[in-house]
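Think of it as A, B, C and D in the order they're written, each chain with its own count starting at 1.
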Amino acid sequence: MIDKTTTISNALNRVHDGHTVMIGGFGGPGTPFTLIEFLHQQGTKNLTLIKNDANEPGMGISKLLESGQVQTLIASHIGLNPAAVAMMNRRELEVLLYPQGILAEKIRAGGAGLLGFLTDIGVDTILRDSREVIHLDGREAILERALRADVTLIHAAIADRAGNLIFAKSARNFCPLMATAADQVIVEAEMVVETGSLDPDQVHLPGAFVDFILALDELTPEYGILPQHAL
Amino acid sequence: MIDKTTTISNALNRVHDGHTVMIGGFGGPGTPFTLIEFLHQQGTKNLTLIKNDANEPGMGISKLLESGQVQTLIASHIGLNPAAVAMMNRRELEVLLYPQGILAEKIRAGGAGLLGFLTDIGVDTILRDSREVIHLDGREAILERALRADVTLIHAAIADRAGNLIFAKSARNFCPLMATAADQVIVEAEMVVETGSLDPDQVHLPGAFVDFILALDELTPEYGILPQHAL
Amino acid sequence: MPYKNKIAARAALEMRSGQVINLGIGIPNLILDYLPAGLEIFVQSENGILGIGPRSAAGSEDRNLIDAGANYVTLNQGASFFDSALSFALIRGGRVDLSFLGTLEVSQNGDLANWIIPGKMAPGIGGGMELAQKAKRVIVTTSHTTREGGPKILTQCNLPLTARGCVKTIITELAVIDVTPQGLMLREIAVESSLDEVQEKTDAPLLFPPGDIPRF
Amino acid sequence: MPYKNKIAARAALEMRSGQVINLGIGIPNLILDYLPAGLEIFVQSENGILGIGPRSAAGSEDRNLIDAGANYVTLNQGASFFDSALSFALIRGGRVDLSFLGTLEVSQNGDLANWIIPGKMAPGIGGGMELAQKAKRVIVTTSHTTREGGPKILTQCNLPLTARGCVKTIITELAVIDVTPQGLMLREIAVESSLDEVQEKTDAPLLFPPGDIPRF
């Protein structure tokens, strides 16, 4: 049987200096902390990262930002990470910010093999000034290009050996979109089950989009409850 | 508790002469045969239908086509319905045909509140001649507009009273896309369950997209196995 | 009651059963604490949830279940999860009935400015621009004035806009104000405030309905 | 063996374990009957399935489970269902390794024409154009000539194209032909055929590899 599980080093040596890497997660849930930590240790640099947010100082992709491994971050909102904001303000990090759903659509468009899409979001704002604008039926529309990456890193709750994935609750977010939009897709999974044990109607992402699976041995504290966000 | 179940007449009197109506289904699975039959009996006319295919003679939307209730059909492939092909060839029915995935994207774009998208599908073919073409980085791209409808009619396996839907196997197809892209969405469901009984991770379409639910009392023969496609 | 809670409590009365509602960060996040009895709403969160309930009690958090403001939350009956693209299809496709947003400035014609102070604060737009532009109804919940006492409700915004003409109602600790084609119409006034105070702290002319103005 | 089955049996040998494969209507639909032992492939269907198995035996059909050709089918282990947009994301996004398509005409540079005969047949494009343009490899499975004996493999297509330069290999009952930058290269020839017959029925020059040409 096809078995896409592999070692973390075999998976991550596909990420090279200068690569564009999509990283799943919205805040903590869905963030592949283990893959990120290894990428941090591996020292791969000059990366362009695409992620909704910048996690929080000392956590997740902030490790890559703080260590200077990242040249450009494409995101939606980095307000929860003052370290990233400070790097952006000091121009140590190029940050491209998009409306959150527009970022999601750009990634999805890349995954769907489209060239781009047209939206009216932001046409009446200063966003327009930094965008491609075309005219449609006498009104302005912003043309947004599709985004693709060399590699996508995501976290899943369950994977079968063929790469079919199930996400848990709000950990789904950008993960399935990003998995469609990269040349190579690496998944860390909390549980790996035999192919055939998932209900085909309940698979969130078909295995065809997945190249490598890392079975997580343990969940480090980053995956747990963050006291600063609890009551 | 919110309860979106209603009678078929209360649901379908939202479909008026001249409306654009999206109808789910790919072949039989996902086709809302009961809603279509009632729309046929209701006699609503001058309709623009959007459906992947034209079903087969005497079945599903072919009833609406054959009775002259439809002015325009927007579809991907109508080859399994010689009655529809004949009407098209006699110019009794206007038929607009798109590549299947482009049709799906046009509907999805409407549902996602986009104005349109850009694709290279068909740029090297005669399709190009009947499309809007723009230039992107020195290459031609086809601009496809988003599609929306006044009403969408779809079939689901399970609905809860709040409108959360689960589709069965290949009956999913265009149904969830079309449910995002209409002002009013009417669902016929094989089973209606109490709100709270579906696993939130297994819902295929969130209830926010659903306006009316018809609980099917019985499945007419159209829903069954079609001998012409069996071994 | 702290002013933020007063605003949230008043804002909660604007919701109707069956509505799909998005709650922004800050004051909007307090609204669920004042949910009127019997009201059944579906709270959407940009990170792919419909059907959020109150915040999780200490010790009962689920590591996989946060809202778009990173708070651990609970779920109501009938909830569902989906990806970020569908979440914003729901928003941009017009299925969000009501969006509560905080703001830096709001103008008399409903312009909203709440995401950037050029040269000072620009952490990103998040989901706010799409909510502001596409929700069926946008209600701003905000302190009536800035921390320094300056007006936030203006004839026109000075900061870059989030969306133009999107705000339908402004709820502050002093007043409930509707944005109408004629201008800002005072709908309600706080029991501890006065017409003079509200007008003084509002940098745009206010219209008054005929008769007594209800208090809240 | 009928010619269609002969083509399907030969085509089956082009698949590799782990590949995502789309099977068009007609001859491609017969390929699963000749799946080499031990080969594990993932058959995708445009209507939202990955992991299709053989057609359902009479009496065991599932009313909710058809392929894009309307045949009742079975599922393999590891199958999944999804909507039509994701199904074509899989196709246009480049995750289909191999697409088998029938054709009306195919040219020496790999142009494919299989969806329209102007004024005569135009039932729609279906998923064929996207598969032809975006699958990593396109193999045409077709009778070598038309029903009337005319050539289908041409110097250039006369019919409107489905996609330009997309075909990598042509498999007929007479030959396996690769489309190369230099032209059509004969890779294999049917045991009951001859070089002369293949060239005679092909309206484009054929290149021959050095040495014996394998038979199938």
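Observations, loosely collected:
Note that a contact is a pair of C-beta atoms (placed from the backbone, for glycine too) under 8 Å apart; a residue touches a chain by one contact, two chains touch by 3 or more.
Note that this is a predicted model, so its numbers are computed, not measured.
Contacts with chain A and chain C are shared by B. Looking at the partners of chain B and chain D together, the chains they share are A. Relative to chain B, the most remote chain by averaged C-alpha coordinates is C. Between chain A and chain D the centroid-to-centroid distance comes to 35 Å (mean Cα coordinates, whole Å). If you average the CA atoms of chain A and of chain B, the two centres end up 32 Å from each other.
The centroid of the Cα atoms in chain C and the matching centroid in chain D are 56 Å apart. In chain A, the residues that reach two or more other chains under the touch definition are 105, 108, 112-114, 119-120, 167-169, 200-201.
Residue numbers of chain D whose C-beta contacts span two or more other chains: 81-82, 85, 88-89, 91-92, 134.
Checking each pair of chains for touch leaves A-B, A-C, A-D, B-C, B-D. The touching residues of chain C, when paired with chain B in their complex, are 17-18, 20, 40, 42, 44, 50-51, 75, 77-82, 85-86, 88-96, 134.
Within the complex formed with chain B, the chain A residues making contact are 105, 109, 112-120, 134, 136, 141, 143, 166-169, 200-202. Interface residues of chain B facing chain D in the complex, by the touch rule stated above, are 26-29, 52, 75-80, 85, 97-102, 104-105, 107-108, 119-122, 124-127, 157, 167-177, 223-226, 229-231.
Residue ranges of chain B in contact with chain C, taken from their complex: 1-2, 108, 110-114, 160-162, 164, 180-181, 195-196, 198, 200-201, 203, 206-209. Chain D makes touch with chain B in their complex at residues 45-49, 55-58, 61-68, 70-72, 81-85, 87-89, 91-92, 116, 122-130, 133-134, 160-164.
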